[in-house]
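Just so it is clear, A, B, C and D label the chains in written order, and each chain counts residues from 1 on its own.
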Amino acid sequence: MTSTEEVESISEKSERLLNISMGPQHPSTHGVFRMKAVLDGETVVKLTPVFGYLHRNHEKLAERTSYLGNMPYTDRLDYFCSLTNNWAYALSVERLAGIEVPERAEYLRVITAELTRLQNHLAFLGFLLNDMGVWATVLIYGFREREKILDLFESLTGARMMCNYMRFGGCRCDVPDGWVEEAKRITDELPGVLDELEQLLTDNEIVVARTQGVGTVPGRKAINAGLTGPVLRASGVNYDVRKVDSYGVYDRFDFSVPLGSVGDCYDRFMLRLLEMRQSLNILKAALNELPSGPIINPKAKNRNLRPPAGEAYGRIESPKGELGFYLVSDKSGTPYRYRVRPPSLVNLTLLEDMCVGQKVADVVVILGSIDIILGEVDR
Amino acid sequence: MTEDKQLQDELALYGVHLTLLEQVYNWGRSNSLWPLQFGLACCAIEMIASVTARYDLGRFGSEIFRPSPRQADLMIVSGTVTKKMAPQVVRLYNQMAEPKYVLAMGACAISGGPFKGGYNVVKGIDRYIPVDIFVPGCPPRPEALLNGIIHLQETIRRQKLSGPGKARHADRDQPSEYAIPEEGGRDLVPQYNAETWRPSWQGGGK
Amino acid sequence: MWLVIIQLKIGIILTFFSLLFAVASLAERKILARIQNRRGPNRVGPCGLFQPIADGIKMLIKEDVVPRKADRALHFLAPIVMVAPMVLLFGILPYGGGLTLVDLEVGLLFFFAVSSVSELAVFMAGWSSANKYSVFGAMRAIAQMVSYEVPLVLVAITPVMVAGSLSLVHMVEDQAGYAIGVIPNWFVLTPWGIVGFLLLFVTSLAEANRTPFDLPEGESELVAGHLTEYSGFKYALFFMGEYFGIFAGSGLAVALFLGGGGAPLPLLQWIPPYLWFFVKLVVLVGIVIWVRASLPRMRIDQLMDLCWKGLVPLAFVNLIAAAIWHYSGGGWQGWILAGGLLVGAYLMLNRVVLRSRCSWERKYYLAKS
Amino acid sequence: MNVVLFIIAALILVGALATVCVRNLVYCALSLAATFAALGMLYLALGAEFIGWVQILVYVGAVAVLIVFVILLTAPDRMRSVGPLFSRSRILGVGVSLGVFGTIAYAVHKSGSLKGSLSMPAETDMQSIGEELLSSYLVPLEATGVLLTVALIGAVLFAREEPVEGSEESQESKD
C-alpha cells in the first residue's frame, strides 16, 4: 500500500481510530524512545517512531575531541556493550593510521567482546520477557549472570559498564592474576544457566504464542532494509561480520553462525540463545589459547595521534549487529568527520512494517526483540 | 522542637516512649519510596541492576517501580537530559503526587556530564526541578544509588512539617509544579526555573 | 445477643481479611523476591513485617490527584464501588464452625451478582480518568471480565447440580465425610471436580485481572491501564479491591471444590473448620502469587480465544461429565465415563485451539562459514 | 417494611428520571444500572430472593455493563453530551406516555391486587421455581432459549463487517 492510499484509508475510518503516544516515558520503550501509534481497536494501523530524545551530539562532540578522547564517548553509545564499541572505534582508527595489533591484544579483544555479547544477550532475554509481562523474574536471572561478567570487566578495566579498555594498537592493561581462571570458571558455569533459561522459556506456551508469527520479516526485506545482527540472521540470511570480515583473530576460532528460518520474534529470541552457546565456544578456545606477549603495540601512538589524511571504515559484529565507525582525517588531532553506523538505529527501520496489523501488545514484544539501545539510536 | 526532644528523652528514661505524629508520618514515607519507572540513558541500566538479585533495592521497600507518575514518590533522573527530553521530565515531575522527591543519578543528570559541551544537553536537571539527592558517578554503581536512597530516607525522616524550615511539600509558598520549558530557537525557554536554581552570578550555587 | 454475635463474626471476618490483605501484599513482594533470588523488604521492622504499615501510611498521606479533565464524581466513586461489593462477598463464604455469617439459599447467585458490579467500577475508573490508556484498560477489563464470567458461572453450576442447592453451606456439607475412611469426599477428587477446580481457578485469575490475564493494567503496554490516573488512597483502595477479589475467588474455589472447612484427613478433624478454610484459602492465594512471578502475559486475542474456544466448551463438557458422574453413581464407571469424556474433550480442544496458531518445531541452521 | 419500600421506590424513580434527563451518556447508563440495582432491592425486600439476585446479576452485571461497553466502543466523542432534553414532538411523547401509563394502570386495577392487603405468597424457594420452569413452563422456556439464540446469531451477522478485499478475513485464512 502506498503512503497516500494509507492516509486515505486511515482518514476514512478515523472515527474509530485511536491515536496513542507510547513514550518517551513508557515502561517498555527501553529508554526514551517514542512511538506514535494509530490503533483500530487493538490493532495497529500506523506507527511512527520518534527519535532524538537522547540525542547527545555524540558525533559533533567527537569532531572536536582528540582521537583518544573519543574512546570514553564510544562507551556511552550502546551502554550495554562498551567493549565492542571500543573495539570498533579502535579498529577504524587503526585502519586510518595503519597500526598493527599484537596477538595477545587481539585475543583479549575477542574475549572481552564475546563476554560482552553474552551479557548483552542475557539482559536482552530479561527485557524481552519483561515486555511480555513477566514481573522481572527472567530479567533478574539474566542480570544475576550478567553481574558475574561485569565483575570480570571490573577487575580487568576498573569499570563495570564504561570500560574504556581498547587503545589504538592494543588494550589498555593486561589481565590481573587469576582473571583467566575466573573467566574460565564462569564460561564453564554459563551453559548450565543457559539450559535453565532454555527450559524455562522455549517451551513455555505463552512465550511461544506471544512470539511465534509476530513481527515476521522475510529475508529479502531484511537485506533491503539493511538489517544486521541477530535480527537479520533470524530471517535466515547468513551474514556475520565475524565471518565475512574475519577481523581480529576470529578466523582462528571454530564457531558457527546460527540462522533462523521464519524471522519472527521467536526466531530472534532463539537466535540469541544459540549465539550465546557459540560465544561460549569461542571464549573457551580463546581463554585456553591466550598467547603471551605485549598487550599493546609499542610503536603505536595514542596521545596526540595525528593520522595521515584519508578515510577509513572499521566494522565489527557487535551484539546488536554491524557496528561501524567511519572516520575522515585531515591530519589534525581531531577527526574531520566521524560517523557511527549504529546497528540499533538501522534495525529499527523496519519497525513500522513489523508492527502494522499486529496488536498493541505485539508492538512491545517486537520492539523488545529488536534489542535497541537509545544511546546508540539517537547518539 | 529541641524542648520536645528533651522532654521525649526524659520521658523515655522513665519508660514512656512518645512518638510524634510527624515521626510516624515520616517513617511511613521514608520506608515506602516507590520510584517512577523511567530510564533516560546509561544510568538506567545501573538503576535496573540495583533492583536485581545482587543489590536488591527491594530490601528498602523501593522495588515497586510504578510506570505511572501518579503513584510514584521518587523520580530517579537516570541519565542525560536532552533539550528534547527536558520538557517531558518536568511534565512527569508535575504529574507526580506530593510528597515527591527527585534523585539526580549520574554526572549527566547533575551537570550534563561528559556531554555538557554538546548543543543538545541540559546542564543539570536541577535547573528545572528541585533535586533532593545527587548521586555522582558515570554511571554510579548500584551501591551508590542505594546509598543515595538511604540518604534520602534519612532526609525524609528529619523533615519537619511545620515551623520554619518545613518540608517543601508542606510549605504552601513552595510550588508543586514548575514551568515546562519549551523549544526556543537557540535554547530552551526558560533557561532555568528561578524557583529552584540560579546561576552563580546571581548568587546561585549549592 | 444475636446482634452481638453477628457483629463479632463480622468483626472477625473483616479483621482477618484486612490483615490478610496486609500480609499478602508483603508476602507477594517477599515470595516474588525469593523466586527471583532476592531478599525482598527486610528493613522495616523484624523481617520487613511492618512494610505494609509504612506503605499504608504513605498511601494515606499521598496527594490525591484528580486530572483537570476528569469526571470528579465518578473518579471518586469508582474505588468505593470496587471495594464495597468485594467486602460483601466475604459475608456468604462458608467458613464453618459457627463463623459462617449468612447461609443464603441463593448464595452462589449472590456471589456472582455482587462480584459483577466490580466491572462497572473498572469502567468508571477508566472512563472518568480522561486518559487514553485508562479508557483502553477499561475496555480490555470489561471485555475480559464479561467473557470470563461465562465459563466461571458454567463451572460453578456443576457443584450446584450435584449438591442440588445454590447454598454454599449446603455444598460444603455435601462434601463432608470420607471415602474408604481416609479420602475426603471433596468435589476436586472427582473427574469433573479436578477440571472444574482448574477452570474456576483460571477464570477467577482472569476475573481478578491477575497474571497471566493482567491485560487491563499490563504495565508494558498500557502503563497502568484503568489505574493510570489514580494516586494515593484511591489507588490503595483499588489495590485492596483486587486483593479482596482474589480472596473471594479463592474462597469460592475452596467452598465449591476443596470441601470448605473440611479436614483433609479424618485424624485432623479436631482442628476447627474455619482454620482449614483459611489455610486452603491462603494456599490458593500463594499459588496466585507464584503464578505472577513465573508467567508472561497473554495477548488480548489469545485471551479471548482461550475463553471462548477453550474454557467455555470445556466447561460445557464438564457440565455433561458431572451429570454422567452423578447418574452413574460415582463409582468406577463414573470415573471411566466422565473422565474419558473430559480427557477426550481436552485433547480435541488442545489440538484445535492451542496448537493451531503456532508451529512449535523450528529448525535452526548452524552455518560454518 | 413500608418505609423501606418507599425508599426503594424513590431510588428507582430518581434513577429512572436521571436515566432520561441527564445529558451525559455515561451518567445515563450508570443511572440505569442504579435503577436496576434498586429494582433488585425491591424484589429482595418483597422476599423474592432468587429473582432479586438474578435481577442484579443480569441487569447490573451484564446488561448495564454491555451498554457501557457499547458506549465506549461506539461514541467516545459524544459521551459527554447528547442533544436537548426535550424532543421536538412533545405532544406525541406526552400522548404515548399517557397511553402506556393508562394501559399499565388499567391492568393493575383489573388484576385486583390493589384491593385487599398485599398478601405475601408462600415460600417461593429455588426448588419450586426450578420445578415449575422445567415442568409447567417448559415450552415457553425452550422457546425463549431458541429466540435468544436466534437473536444472538442475528446480532453477530449484523455486526460482522463486510469483508473488504485483502482485509483481516482473508489474512486470517492464510494463517
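Quick note on the criterion: a contact is a pair of C-beta atoms (placed from the backbone, for glycine too) under 8 Å apart; a residue touches a chain by one contact, two chains touch by 3 or more.
Note that the structure is a prediction, hence the values are computed from the model and not measured.
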{"item": "Chain with minimal offset from the mean of all protein Cα atoms", "value": "C"}
{"item": "Furthest chain, CA centroid comparison against chain D", "value": "A"}
{"item": "Chain centre separation in whole Å, for chain D relative to chain A (CA means)", "value": "59"}
{"item": "Chain B and chain D, separation of their C-alpha mean positions in angstrom", "value": "53"}
{"item": "Geometric centre distance via CA averages, chain C-chain A, whole Å", "value": "42"}
{"item": "Per-residue multi-chain contacts in chain A, two or more chains", "value": "18, 26-27, 136, 140, 144, 213"}
{"item": "Where chain C touches two or more other chains, by residue", "value": "36-38, 219, 223, 357"}
{"item": "Overlap residues in chain D, where contacts from two or more other chains coincide", "value": "76, 175"}
{"item": "Chain D - residues contacting chain C, complex", "value": "26, 30, 33, 37, 40, 49-50, 53-54, 56-57, 60-62, 64-66, 68-69, 72-73, 76, 79, 125-126, 175"}
{"item": "Chain A partner contacts - residues on chain C that touch it in the complex", "value": "32, 35-38, 132-133, 136, 211-212, 214-215, 218-221, 223, 292-302, 354, 357-360, 362-369"}
{"item": "Footprint of chain C on chain B - complex, ascending", "value": "24-25, 27-32, 37, 52-53, 56, 58-61, 63-64, 66-68, 70-71, 73, 95, 97-99, 169"}
{"item": "Chain B contact footprint on chain A (complex, rising order)", "value": "24-27, 31-32, 52-58, 60-61, 72-73, 76, 79-80, 123, 136, 139-140, 143-144, 146-147, 160-162, 374-375"}
{"item": "Contacting residues of chain B [partner chain A, same complex]", "value": "36-42, 44-46, 48-49, 51-54, 67, 69, 79-80, 82, 84-85, 88, 92, 114-115, 117-121, 138-139, 141"}
